[in-house]
Structures are given as C-alpha cells and as structure tokens.
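One chain, chain A, appears in both complexes that follow, with chain B as partner in the first and chain C in the second.
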Partner chain A sequence: MTRRVLLSAFEREGDVLAATEACRKAGLKIVDVFTPYAVHGLDHAAGLAPSRLPWVCFALGLAGAAFKVWFEFWTSASSWPINVGGKPWNSLPAFVPVTFEVMVLFAGVSTVIAFLFVARLFPGRRAAVIDPAVTDDRFVLVVEQTDAAFDVAAVGRMLAGFGAVAIEERVEGGRR
Partner chain B sequence: MIAVDHAFHPPKRLLNRIGAIALAAAAVVTAGVVLAPDRTWPAVLTIGLFLTGMGLAGVFFVALQYATGSGWSIVVRRVGEALAALLGTGAVVMVVALFAAPRLYCWWGGAVAGEPLRGFKAAWLSPAFFVVRAIVYFALWLAFAAAIVRESRLQDADADPAHSRRNVRLSIAFIAVFAFTVWLASSDWIMSLDPDWSSTIFGVYNFAGLFSGGLAALVVFVVWLRRLGPRGVGPLHAVVTQEHLHDLGKLLFAFSTFWMYIWFSQYMLIWYANIPEEASYFAVRLHGLWQPLVILDVVLNWVVPFLALLPRAAKRNPGVLAKVALAVLVGRWLDLYLMVTPHFQPGAPVFGVWELAAAVLAASVAVLAVLRTLTRAPMVPIGDPLLAESLRHHQ
Partner chain C sequence: MSEALRLTVPAAPGSLVPPRDSDRHGSFRQPLVVGNKSLSDVTRDICSPMDTRPTALWWGGFLFSFAVMLLGAAAVAYQVATGVGVWGLNTTVGWAFDITNFVFWIGIGHAGTLISAILFLFRQRWRTSVNRAAEAMTIFAVMCAGIFPVIHTGRPWLAFWMFPYPNTRGSLWVNFRSPLIWDFFAISTYFTISAMFWYLGLLPDLATIRDRAGARWRQRLAGFLALGWNGSLRTWQRYETVYLLLAGLATPLVVSVHTIVSWDFATAVIPGWHATIFPPYFVAGAIFSGMSMVLTLMLVARKTMHLEDYITMRHVDVMTKLIILTGSIVALAYATEFFTALYSGNPYERFVFSNRALGPMAWSYWTMVGCNVVSPQLLWFRRVRSNLAAVFVVTIFINVGMWFERFVIIVTSLHRDFLPANWASYTPSSVELATAAGSLGLFFTCFLLFVRFVPVVAMGEVKGVLAYGRAPSGQGQPSASPIMREGGGSGPRSPATSPTGGEGAEVRS
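What follows is the complex of A and B.
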C-alpha cells in the first residue's frame, strides 16, 4: 500500500511545536515528527496517546515476582527441602530479596524488549531516515494526505506561516 | 514571566481556629503530664521526634536542591524553608521531654535492671554527655538552617547569584553533618530507650522515615497553598503546576519505597540471625495488638503510596497526591509511635486521649509554624537565577 505524505522542515523547536499543534487542531493526520533530540511537549502537541509500555513493565514485573516466589518455594521446600539455620522450609522473608531482584530484572528487560519489538528495531534492520537533516539541526513534520480533500497548497501555506523552510511531497511505497 | 503574589496572608479565622485547637491540645497534654505521666511523656517524645524530623527534612530537601543544582524545585523551595522552621518547634518539645528523661531512659541512673553500665556504654550513656550531644546536634542543625534560609531570603532583594553559590557550599556541608548527626541522634533518643538492643541500620531507617514523611508534608502544604486563598486561588496557584507535582510525587514514591527497603533490611537481618539481644525489638512488636499496628505502619508508609502513585496520572492529580501524602504523614507518626511506645507498654498498646492530644498538638503547631514562616518572605524565591527555569518546568 502506498500513501502520499507532506514533509515540512523547520529550523526551530518552537516552530515545529506550533505547526504540529496547528495540524492536530486542523484535523490533519500526523504521521510522525522527527527531531534531532527529544523536544518537550511534542507528544502533547502531536496528540500522542500515552505509552502502553508501563503496563508491560507492571505485568511482567508481577509475573517475575510470582514466578520467583513459586520457584524458591519449589527448590527449598518442595523438590529438595534444605534446613537453613533451623528456619521453616518455606521461609518467605528469606525469599524477598531474590524475588525483588527478579521482579526488577523481568520488568526492566521485558520493557526494553517490548519497546524494541513495538518500534520494530530488530537486529540488521536498516535505518530509514526521512531526511538526513533531522540527525543534525532540522525538525521534520510528516503529515499524511488522507484523501482528495487534502489541499496541498493550503496546508503548505499554513506550514510556511509557521516558518517551514522546506516543504516536499513524497509517495511512500510498501512497508516502511 | 508570570506575576507572582509576593505577600501571603493566611486567613485570620483559620489561624485563630488552629491556634485554639493547639491551645486546647496543649492544655490536655499538660493535664496528662500530671495525671498520666507514664503515658504522656512517651507521647511527648514521639511528637518531639516527629517535629524535629519534619524540620530536618525541610532543611535536607532545600540542601539537596542546592547541592544537585536542581532548577525544577525553585517554586516549592520556600515551603521547604518553612518546614525547616519546625526544627525550632521540635527543639522546644525535645527540651521539654528532657525534663522527663529519667523517666523515659531507664539507663539514666547509670544502671539497667540493677546491672551497672560498663565500658563504652557507661561513658556514652551518661546524662551529662547525653545532654551535651543533644545541644550539639540542635546547634548544628539550627545554625545550618538559619544560614541557608538567610542567604535564600537575602537573594530576594539583590538577585545576586553569589547567594546561590554560598548556599551550595553550605548545603554540601549540611548534608555531611546531617548524615552523622541523624544517625547519632536516632541512636541517642530512640535506640537507647532499650539500651540492650542495637541495630546498625537504625540511623538509615530513621533517615528514610524522616525524609519520606518530610516529602509528604511538603506535598500537603504545596497542594494546600495552591488553593488557600479567596475563591480557591492560593499563592502557589498557577505557579506550581502539574509538572512540579509530578516530580514531588516521584520523590515521595521513591523515598516511601526506600523506607520499605530499609525497614525490611532491618527486619530480615534480625529475623535471620534470631539472637535474643536483637530479636527483642520485634518480639515485642510482632505479638498481640502491636502486630496489626506494625502491619498498618507498612501499609500507610509503603503499600498505599506505592500502589496509589504508580500511575502517572495519580502523581499529576493534586487531590490524589495530597490524600496519599496525608496517609504517609499519619504513617510517619505511627512509625515513631511504634519505635517509642512498645518499650513502655510491652503487653498491648494503650491509646487514648493523652496520645491523641499530643498528636493533635504536633499537627496544629506544625501548620501554624509553617504558615507563619511563609508570611515572612515572598512565596517563591524571586531573586533566584533558576526561578525562570522552574516556572517553565516541563517533564
């Protein structure tokens, strides 16, 4: 599937923020905004939904803790009971430090893996840089031309009004 | 830059009402000293530790911001400085409690249960040295607090960055002094209640509770000061935004979890070794009616803030944040109550009007002292070079 997009490049952080905000308010479909560094407030301006990664972190942390409590119970009280200092075999306080560490390990590692998976950052993947300038000093806003009603000239004028230094139409083919 | 209301006038009626509550509570506590000294004095010691800890947490919060060069927190710094005023209130209560020291500290006469103290303990736990140490701790804390607050207020007039630089040096020195003195003071004033018991992590445990409780107080006052004014528009309205609340919420979340970490570290080592001179502490507290209170302590200080503040939206919601912080404040008092009281009532807790009056006295005096201190200087440090950065703060 192909789609037509409109690229606009900006030279200042404030300009791209204002332009993004205006595009969202005008009901345009914002594909992405590429910046050389993290710009505060951009997620809000682009109307991004809150990340769902914390739920992965929470669920996997909980799962890791539950797994570890079960595993410690199984190893020290069920499969091969060992008497340590006369404590009961199933001694929960002794399990807590390891449970805590494994919870952190599961939560941390799984969040990173989930992020790489969602962002499709697999090993060997080639970088698709929309414009080399975004790795240097420019901010590029990408808006999709959703249908025939999309007036390229009007949108271009609006973006130029926010200080866009370059506007370009592009057809994106297939998977990206 | 947005306009900032420089003069803060807390409603007179509110101050009068809180003052009346404080006077009534003080009268009940005074009656308690005569009628039920065995119950009132531990309660007075508990609130003395509570107020002193709040004051120290205020100075430590301010010092931490200077030492780390933090910009975001400038708009809430005056509230931290106002909390530091509780150091003086705490000092007064501790001096009063000192008069009951022979009743509170069983080693005061030089012997415990007929056995004379020996060696280092005899030297360290002598009344004269104990009093001298307490004076040294308070002198150091009050001097650092006064110096840091003074530089901060002088900067309001001349906006000279030299004040910030001086406060950075003072703050770093304070943090070093604070680490040693809090450890020693918590051993002196709390651990020595049972001179046969010792825990090497006790100082850290007290620091964790002190700062977690102090952050809770900071959050409560900041949220309140956003609304405390005509038509619900307080002096910090629109100055302290969701972004600042979010960061305060993160700090409260982190230090509440740190408290739990240290609480468990102390518990687990004592449980593992299970030797009588260490286990006595938890043997008393985990039996009978003390046990549900210990569980409540953990719930208020950690379970509630951890679960409630886990979502991002909760940390940015002033109502949720303030309610959680209030729970932690009650938890902070309960934590100190559980350190002090079981030594005097080993069987079961006796909680009544004397303990309640002392707690009400501490809360009302703390609110009065903080609000009064806030009227003495602009609500935000208007001369601080980092103020603009703080006003624009964004996550």
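What follows is the complex of A and C.
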C-alpha cells in the first residue's frame, strides 16, 4: 500500500502548532509531526489520544508489590521460618520497605520496556528519519493526501501561510 | 527518505524571519538560557566539545583521577586478598570509613534524582540545564557507594547471597526483617531506575548526534544506541508520559532509599543512632550534600566547557537557595538530636551527645558544624551567591562537612559504648584512606569520560524551554488560505491565548 503525503517544514514551534491545529480543523489526515523536542500541546493540536502506558505502570507496579508481599511471607513464615530475635514469623511491617522497592522496580522497568515495545525502539534499529534536521531545529508536519479532492495547492498555500519554509510531496510505500 | 526538503513554495518576500516580538514570551523573569539561542545554536554549543580534542586540563584531570582510581583498586585487591583486618576497625568500632563513604556517596547521588524527578514534578524548568549532568553524577555516585558494603562483607565473591534465590542450602532465604537486606533492594532498585531514567532522557540527544555531521564511528554508535528515534509526535507523547511516570516513581524512591539507609542505624539500639528523626534528617542531608556536589561539578564544567549561556547565574542562585533550605533542615536536625538526648532522661543518650561535642573526637564534630551549619549561612548574601569563586568554596566546605557528618554519626556513637571497658578509638589505616581516595578517583574518572562523550546538557529539554519560536510567527493570515475559512477559521493563535503558555514542563498523560 502506498500513499501520497504532503510534507511541510517549519522553523518555529508556534508555527507548527498553529498549522497542525488548522490541518486537523480542516479535516485533513495528519500522519505525524516530527519535532526536535517535545512540543507541548502538539498532541492536542493533532488530536492524538493520550497514551495508555500509565495503565502498564499501575498494573505491573501492583503485581510486583503483591508478588513481593507473598514471597516475603512465604520465605519468612512458610518455606523456612527462622527465629530472628523472637520476632513473629509474619513480620508484615518489616516487609514494607522491600515491597515498596520491588513495586517501584517492577513499575519502572515494565513501563520503559512497554514504551520501547509500543514505540518500536530497539538497539540498532534503522531510524526512519523524515529529514535529518528534525533532531536539530526543524519541525515537519506530514499530512496524507487522502483522495483526489485533496487540493495540494490550496493546502500548500495554507501551510505557507503558517510559516512553512519548505513543502514537498512524497509517495510512501507502506508504513514507515 | 532522508534528503533535505526542497523549497517549493516561496513565502512572502522577506517575511520568513519576522521581528521576534512574540519571543518576549515569559520575559517578566530572566530567561533560562541566555544569548538568544536558536535551536541549532543549542545543538552546536552542546555537541561542540565532542568535536574537539580534549584539552590538557582534561587530560590532566583524567589521568590523575584514573591513577587515584587504580590506587583504590589496588587497596581493595589487597584488602580482599588479606581480609578486613587491614582496616583500622576493632571490636568496638565495627563500622567506620567504609560505611561513612557508603552513606556519603549515596547522599551525593540523591541530588541528581531531586533535580531530574522532584523538580520535574514541581515544574521547575531551570532543571533542564543541569539534569543530565546531575543524573550522571547520581549513577556514578551510586556505583561508588555500592562498592563499600560489598567489600565490607569481607568475601565479596559471595555478595550474590544477598539475593533471595532458591539454593541448595535448604533453600535458606535472606532475612527480610533486616535493614541490610532492605538496603540491598533499595540501592539496586535506585541504581536501575536512575540508569533507565538517564538513558531514556538521552535517546533524543543520541538521535541528534546520529543525524548531525561528525565522525562516522560516532554517528553509527549513536545511531545504534538511539534505538531508531525519529522525533515522531506519537513517540514524543509516549516518551513524555513515561518520563512523568518515572519521575513520579523516582520521587518516593529517593526518599525511601535514604530512609532505608538511615534505618541501618536507627533500628539499632546504639545511643546516637536509635532515633526517629533519622529518616528526614538523612534525606535532607543527602540532598544538601548532593546539591553542593552538583554545584561543585557544574561550576567547573560551566567554566571549562564554556556553558555560561546554559548554566546561568540564575541556576547558581536557585541551587544555592536549595542549599540554604536543606542546610537549615540539617542544622535543625543537629539541634533536635541534642534536645532529644537532653530531654530523654537517658544517661547513655546524654553521654553520647556530650561526648560527641566535647570528647576525644570533638574535632570531627566541630568540623561538621563549621562546614554544614556555619559556612552555608554565607549564601544568605546575594553578593556571595553571585560570586562564583565564593560559592565554589562554600560547596567544597559542605562536601567535606557532609562526609564528616556521617563519620561523626558512625564513629562517635560507637567508640564509647555502654561499657567503659569496651571503649576504643579509631584511626583509619592507609588501606582505608586509599580505598576512599579510589572511590573519588572512580567518580571523577567516570564524570570526565561523561563530559567528553555524552552531551552534558539535555539538548532535547533545553530546546523546549528556549524563548525561541514559542509563538506563531504571525505572518500569513487566514486570508491567504481558503481552507482555513472553510475549516472553522482558527488562525494562528496570539501569544496571549497560546495553550502552551509558559509551562515548558507541562506533560499530559
């Protein structure tokens, strides 16, 4: 599957924010926006749904804590109970610190792994760089030319009106 | 795919670079980065040390640190081969230099997490200039800290016994009621989370190094390590979500780590250790010492690496204020300890504290008070805060003072215990001194390598707090675009209504 896209490059955060919002309001399909830093408000401007990664963090944090409480109970009170200074086998308050640490470890590591997985980032992956300048000082807005009614000239004029410094048409094969 | 964009639509003549009136956004206070930087200026400034050969000063510092590190390694090797007896410990003073250094280094690390996580949650945008270096400092400091408990076990090759794994001894599990096991979990979790947090923050900058002109090997290595980062909006959004989550996790983590370190002492019955004030006292002390170490390092880096535009006087000013705050908490804790001892009616408690201030080790106590309580008071004066040499000297004093704080807590509490027949003194052996110096050598070796091979300032974050390009450039009104009128006519926003506002650290999840 190939698709035709219209790329427009901006030099300023404010321009790309305004252009993205305008494209979304005009009903254009925004494929992606490439930016050198996290532009705040751009996900709203592009109509992007919030990430679901906090759920991974919550679920795995809870799972880690639950596992650790069980494990501490099992090792200290069931598998091989050892009398340490006459303390009860099941010293729940003493289990709190390690439970907390393991919860943080599970939640943090799993969130990062989930992020790398869903963002398809892994060592040695060849980056699909739309323009080498996007990691330096360029903002590139990619709009899909959905059908024949897509008026390249009109959209181009609009984007130029928002301060686009370069506009280019590209044909993309499949997903990037 | 990666050729530069062709300029196909000429914009209105002369309008591409309009007057940047709108850049005055947020100008009611000093800018975070001075010098009117554009985005590519940031890339160039931060990456330039990587393009040049190291200076003689760098080589001097590196070789010296490396030599000291080797000295420490030799001391550790000798100690491991011979036994813990080569240290100056005795049956009364069973913990001294080793645990002092351990707590000292862990404390140093905590300021890095304060800057990267806690100040992030508090929307302190100035952190972006120093967080990369402070987090690197955290990782290296925790590495140094981890050495000491392990070598103090005497048989470091059995250190894996601290991990609760199924074994052939029954399975005999670790004792989860022991603060030393809590410590093992706390330090290893802290190191893992700090390292991940740091690497995650490094991804966009690695992609920048990959995409800019430079040595071929460096581009390839950065490309490998950048994991295919391409600046996509969706990835940025997820990245910011993960960053917020990790900051939210690291904040209670950093408090828990030093709380647990303080429990190594507070759960014991030794007068001078057995105090409920220890967790907050230790956490404040950790941030106090770490913040002064950050300043020590950043003042040197700022000068030698020409980062004056990024680490400005404003940064120095806020960090010195944080030092005053945490230093005051520490001073209050010292006073509270004495009050508690006096008010407890416990003769052992009272003795330990009068012995601390007036006994044979009083010199260490008063060194601590002089460095940690008296010297930060100079920072109340703006003239001192704006004099970098003076700030540097004060931070050195605090680094020394905070080392002595741990020494005082550990050694003066132990050396005269309940039975006068057991009283003893403590003098570090040359092996201990060499090991302590070696940990400093390791720390500075790592830090000097870091400033050469990694961007010292988080470019991807600093670009987000520049005044540059915040508001739309204002050219090209909706009249130029027919689609705009059809689509609801929301033209470029005026700066006043821009939802991005001034809150650079805003993150939505």
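Criterion: the second predicted complex is superposed on the first by the 175 of 176 C-alpha atoms of A that agree within 3 Å, B and C clash if a C-alpha of one lies under 4 Å from a C-alpha of the other, contacts with A are read in each partner's own complex, and residues count from 1 in each chain.
What we mean here is this: a residue touches a chain if its C-beta (ideal position, glycine included) is under 8 Å from a C-beta of that chain, and two chains touch if they have at least 3 such contacts.
A quick note: this is a predicted structure, and the numbers were derived from the prediction, not measured.
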Dominant toucher of chain A (residue count), chain B or chain C: C
Which of chain B and chain C A:V152 touches, first, second, both or neither: neither
Chain B versus chain C as contact partner of A:P123, first or second or both or neither: second
Touching partner for A:L62 - first (chain B), second (chain C), both, neither: neither
Touched partner set for A:L92, first chain B, second chain C, both or neither: neither
Partner chain in contact with A:P54 - chain B first, chain C second, else both or neither: both
Common interface residues of chain A - those touching chain B in one complex and chain C in the other: 40-41, 50, 54, 87, 94, 97
Interface residues, chain C side, partner chain A - complex: 1-9, 11, 16, 22, 38-40, 43, 164, 170-179, 181-182, 185-186, 189, 192-193, 196, 200, 203-204, 207-208, 210-212, 223-242, 245-246, 249-250, 252-253, 256, 260, 263, 459-461, 463-464, 468-473, 475-478, 480-484, 486-488, 490-493, 495, 498-500, 503-504, 506-509
Of all residues in chain A, those that touch chain C in their complex: 7, 9, 11-15, 17-18, 21-22, 25-27, 32-44, 46, 48, 50-51, 53-54, 57, 61, 71-72, 75-76, 79-80, 82, 84, 87, 91, 94-95, 97-98, 100-102, 104-105, 107-109, 111-112, 115-116, 118-137, 140, 151, 154-168
Complex interface listing, chain A residues touching chain B: 40-41, 50, 54, 58, 85, 87, 93-94, 96-97
Interface residues, chain B side, partner chain A - complex: 264, 267-268, 271-272, 274, 310-312, 394-395
